[in-house]
Amino acid sequence: MTPTISCTDLEVTLPGASGAVNILAGVNLSVAKAEFVSILGTSGSGKTTLLRVLGGLLPATGGEVRCDGTPIQGPPDGVVTVFQDYAHSLLPWRTVRRNVALGIEARLGRAERDERVDEALTMVGLLERADEYPWRLSGGMQQRVQIARALATRPRVLLMDEPFGALDAMTKASLQDQLQQVQSLTETTIVFVTHDVEEAVYLSDRLVVLNGSPADIGLTLDIPLPRPRHQISTKERADYLELRHRVYEALGHTVGEPARG
Amino acid sequence: MTPTISCTDLEVTLPGASGAVNILAGVNLSVAKAEFVSILGTSGSGKTTLLRVLGGLLPATGGEVRCDGTPIQGPPDGVVTVFQDYAHSLLPWRTVRRNVALGIEARLGRAERDERVDEALTMVGLLERADEYPWRLSGGMQQRVQIARALATRPRVLLMDEPFGALDAMTKASLQDQLQQVQSLTETTIVFVTHDVEEAVYLSDRLVVLNGSPADIGLTLDIPLPRPRHQISTKERADYLELRHRVYEALGHTVGEPARG
Amino acid sequence: MKAKKERGGTPIRGLLPLVALLVIWELVGDPASPYFPPPSTWIDGIQPLIDADKLLPAIGQTSLTFVLGLAIATALGAIVGTLVGASRSVDRALSPSLEFLRALPAASLVPVAALVLGYTTQMKLVVVVLPATWPILLTCRTARRTLSPVLLDTPRTLGLSTWHRTTKILTPALTPAVLLGVRVAAPLALIITLLVEIVTRVNGLGAALGAAQAGFLSAQVYGLLTIAGILGFAVNWIVTRAETSVSRRMRGTV
Amino acid sequence: GGQDAASDDGDPRTLRIAHNSNAAALPVQVAMAEGIFDKHDLKVEFTKVENIGTLPGTLGRSFDIALSVPTTVISAAQQGIPVTQVSGATLDVEDNPTGFVIGSKTSGVTDIKQLAGKTLGVLTETGTTHVATKAWLKQEGVDPASVNIVQVDGPAQADQLAAGRIDAVETVMPFATSVLADDNAVNLGDPYLKLAPELSAILWISRQDWASSNAEVIADFQAALDEAAEFIAGNDDKARQVLKEYTGLPDPAIKAAVLPTYTTEVRPQDMEIWLDAMREADGFDGDVDLNALVASQG
Amino acid sequence: MARRINVLGAAVFVLALGLWELLVRTSILDFAYLPPPTVVAQGLGELVSSGELGEALGHTLFAALSGWALAALAGVAAGSVLGLVRPVWMYSMASLEALRALPIVAFVPVAVLLFGFSVQTEIMVAFYAALWPILLNTISGMRTEPRMLESGAVLRLSRAAVLWKIRLPGATAMIVVGLRLGLSVSLVLTLVAEMVGNPAGLGFLLVEKGQALQPGQMFAAVFVIGVTGIILNALVMGAARLAFRGQMASSGEVSS
């Protein structure tokens, strides 16, 4: 089976203050349909860059990126990126509702569109703020509007860049579970950038760590935890704790890992 | 002793889609010199709003805000806010170095300024990117530039809005410890908004939770853990785990809390 | 997304359509036409002015008023535009009066200005500055209003003085808008400069233009218009260059 | 295009006439008001155009007959715009001058010779009055280049002179009246009369081809104007009422107005004087066929 | 949405008029040519009752607004193309810049030749003058925040939809500025065209009343022109607030 999204020998060079800088080199990654892959890595390692290349927003300077087997030029149909930079990605002149409708309003009738928007806004807990302008929302709320906008399109592939970064633990947990549920229902393929190791292990089928400069994939780890997963019971499992431990180790720190009683 | 920064019966009303909305009501908080207070709360509860009022950036619609006993009008001297929206707070036409110098260049001679900037950039691990423009940096890097800019001014009071939100665990831990060290050396008063309960407990002398709508302070918890604290040993202490547990409970969830073997 | 190589200013090759137009005019134009003489006759048209040593001083006079007027308008427009953009009450207080002033035709202001200031460069400047200020003021006002609140909070929390807030944050952040306003204002300033000179015949290209028009010297009229056009184009080109280089540095925000 | 639009109007007996708020055009207005044109089987459509300098180019397109001045006619003709005089309008004579150069005691200009180095406000720098003034200056041994010239709109002249923004002013009626109303103002003389004791400075023009194919109409036009001039001479009150209506001048100005001496005579000799004056004073070096500038008398 | 009458602005305006009256009354500004507001008001009354004002105003408004509307269509369309299609910009912008630099006033006599003494002359002049601010502001407004464009790309919006839903709304604040500038410029140049060319409308009224030594009426015409400027601008802003609610709100043009 061809992977849904993949890159081979990916190389990306970006301009820098003192000439071009090689950001990614020799990155190979392929993500199968309905797979959930998380990307971890230190700040500035190139996670966002990789996601932008996979989403067709940045052309690779070397190697190949394919979606469903065909090399991509520009964002492919059904592949939606959720940006780390949420503040810039919402349209300030549209209300929350109309921001969420942006990706579907041309394709769907009024009724279905409204239904999808309401559904998406309910998922992220912002239905009652639907008629507000985004610049009147808190950071975490804006981030959730962007997530709702992506979910409303029912994408085949979802590329998410620290989507829950600005959320409190409660809201985050709830959205994690929503996302899991959506994925199991619709078989969405998800590539997920996060700094939260717990989150990565809890959500993923597979987890890769970007490191080095230029960065490549330093560690790939399968997470064979049974699904559906639960915030309490899954996180209590010995294999979950074991996996989590291995990731912390791979990230090179013993410190950040919460102590185990 | 007068508290360094305090608010009494604070009320804040902001415009919304359907008229003015009462965001904060009856918030009482006072932070003593050299104290480290964390603010937690769900997304949209009003943490950023509270911080903006304390920093003199947003006038209260009711109640009183004082700094060193005098009611504030506008940002008081030596009180520096680190914004959640780091992307908008860096000047795109200045290099990283000149962004960090912004707060001190008028006050200090060239030599001392350069020294301070280098020191601050070293702290956040971005010295070698000093001549880059901020829009060429990753999200986490931009956030660190903003932190460096605040630290370079050697503030008396530091108001930080999810300053480590976009950072990976390693970088975050290192910055947490840098911040602790700075505080113990300079007796900086710190108010710190975060979603990370571990982080809040690890860093704070006291921790408050904002909740309700309009929001007020729902829980205040002293964190009498001995200082200096260490990423490993402190987090292994029974009282740390106990406190952490209480916070999770207060935030109303049993789920997000990592299981304890 | 593609890494384009941007050079400063508007590419000169963009003049091709205009050149083509002039060539066609030259080819089909009737050299004896009293209204549309072909370009080749224009130089002959202004030759008498060159011979009489009148052309260069006229260009100098007009340039002085035009450039100085534009400079004053830029300063005024930027300052008032920023104030009006920052404060809603200042905006509401000043806007109607300013709207009133800017609709007034320069030609009816000239006699009034001349009464107060005489037939001097100052009088020309007053009449030129008023309409030229507008584009800069309005563009600057809108840009000021759309600045991110966080960007404005930054210097406040860092304790920057008002002066430094203005020079270090507002000025660079609003420069692209001001330059856009200047681009719009430049031809206006030039038009009004010429108009004042036509009306008063106070030294300058406009005075020569008015005289040429009254004498039905159409080749000379086109010749003078071309010179005025080149003047406007030159100033505009400089401003466009500045704008491109500024917005390139500002790429993070645009 | 449209160069040969001379006869694009069907009925040659409909005259499209344009002039400004000048007392020189009073006979046309009176002829309209008193039905004199009708009597001569002429239908007149009138348009008021204050800036008559633009008119030569519009003849044959928008208008058939327009008020003009000799300098304009000569310049236009020299540039290939085929205009010709079809009728005289007014005549300057010693006891009824229409042109004025007015100095100011406060500026120390009480004689034309004192203009050197001073600022003179003029109506149009290229106009008839100014050409005449320059010729006059030369006659008096003053280099016209030594006089600083600015163009001042008629209505503003009185204030400008009183405020000392200009030291002297060159003007016509009705502005001369308000300029002279100031105690400091000194009338230095009529520049036209310095060129010749009797001179026409305002006239009616048309396109040459129109004039040559409508000689009869022109003759009728002139006859109507002559009749109107007679009427004016005999009915001062009615004439002034008409003047008030088309100029809009306030009552005092109407009352004080000295009406010019009207004539329909086409005076080729005057055209020659003007051409000489332009050559002499203005450096005009064009080659003009004066014969073409005067329509053959009908 | 309901905006109150701008009392503050009206007060400043009236204050300025009062100051002018005072200066004249105290003979600090004593010119027959520049009458005090009371005399201007009287002249205004005369112009209104004679019916001249209404007709002139109608004529001028028709010419200025027609030219402006055409310029708005052409300016936004051409501005969009120039802002988006780089080759077009490269191969024509400099020509436009050069044409733009040409002083339109000097062309009024030529326009009179081409179109005769007609309202078309005025419309052409108004169009030409209003075109440039609208064009330049549109081009400049088309520089959209890249992240928003990426959002459009990611959501698979068609090129037309990106233009229509992201670029143009993003440019709206700037385009409205261009429209406001264009409006006043077209008004002013219509007046110039009437003063030196087509003898009709407020511009001609102004000249005519000046020549007729009626400064009160002349400045009444000037006053009406200024007030027309205020009203037209308020109308454009009001229409923009109605039509582009979100854009106006996000660019701070709607007070909350």
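Every chain is named by a letter (A, B, C, D and E) in the order it is written, and numbering of its residues begins at 1.
The definition used in the following text is that a residue touches a chain if its C-beta (ideal position, glycine included) is under 8 Å from a C-beta of that chain, and two chains touch if they have at least 3 such contacts.
The model shown is predicted, which means the values in this text are computed figures rather than measured ones.
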Chain A to chain E, fewest steps along touching chains: 1
Other chains in touch with both chain B and chain E: A, C
Smallest number of contact steps required from chain A to reach chain D: 2
Selected interface, C-E versus C-D, where C-beta contact pairs are more numerous: C-E
Most distant chain from chain A by Cα centroid: D
Interchain centroid distance [CA atoms averaged], chain A/chain C, Å: 50
Averaged-CA centre spacing for the pair chain D and chain B, given as whole angstrom: 83
Centre-to-centre distance between chain E and chain D (centres being mean Cα positions), rounded to whole Å: 37
For chain B, residues that touch 2 or more chains besides their own: 15, 85, 88, 133
Two or more partner chains touched - positions in chain E: 31, 33-34, 109, 113, 145, 195, 210, 218, 250
Where chain C touches two or more other chains, by residue: 35, 111, 115, 213
Chain C contact footprint on chain B (complex, rising order): 52, 55-57, 74-75, 77-81, 83, 85, 88-93, 102-103, 106, 133-135, 149-150, 153
Complex contact set, residues of chain C against chain E: 4, 10-18, 21, 35, 88-89, 92-97, 99-108, 111-112, 115, 131, 134-135, 138-139, 142, 145-146, 180, 183-184, 186-188, 190-191, 194-195, 198, 209, 213, 221, 224-225, 228-233, 235-237, 240, 247, 254
Of chain D, residues touching chain C in the complex: 53, 56-57, 72, 75-76, 78-81, 119, 122, 124-127, 149-153, 155-156, 159-160, 163, 165-166
Residues of chain D defined as touching chain E within the complex: 20-21, 47-51, 54, 57-58, 61-62, 153-156, 158-159, 163, 174-175, 178, 247-250, 253
Touching residues (chain side chain C, partner chain B) in the complex: 148, 150-151, 153-161, 164, 168-169, 172-173, 249-253
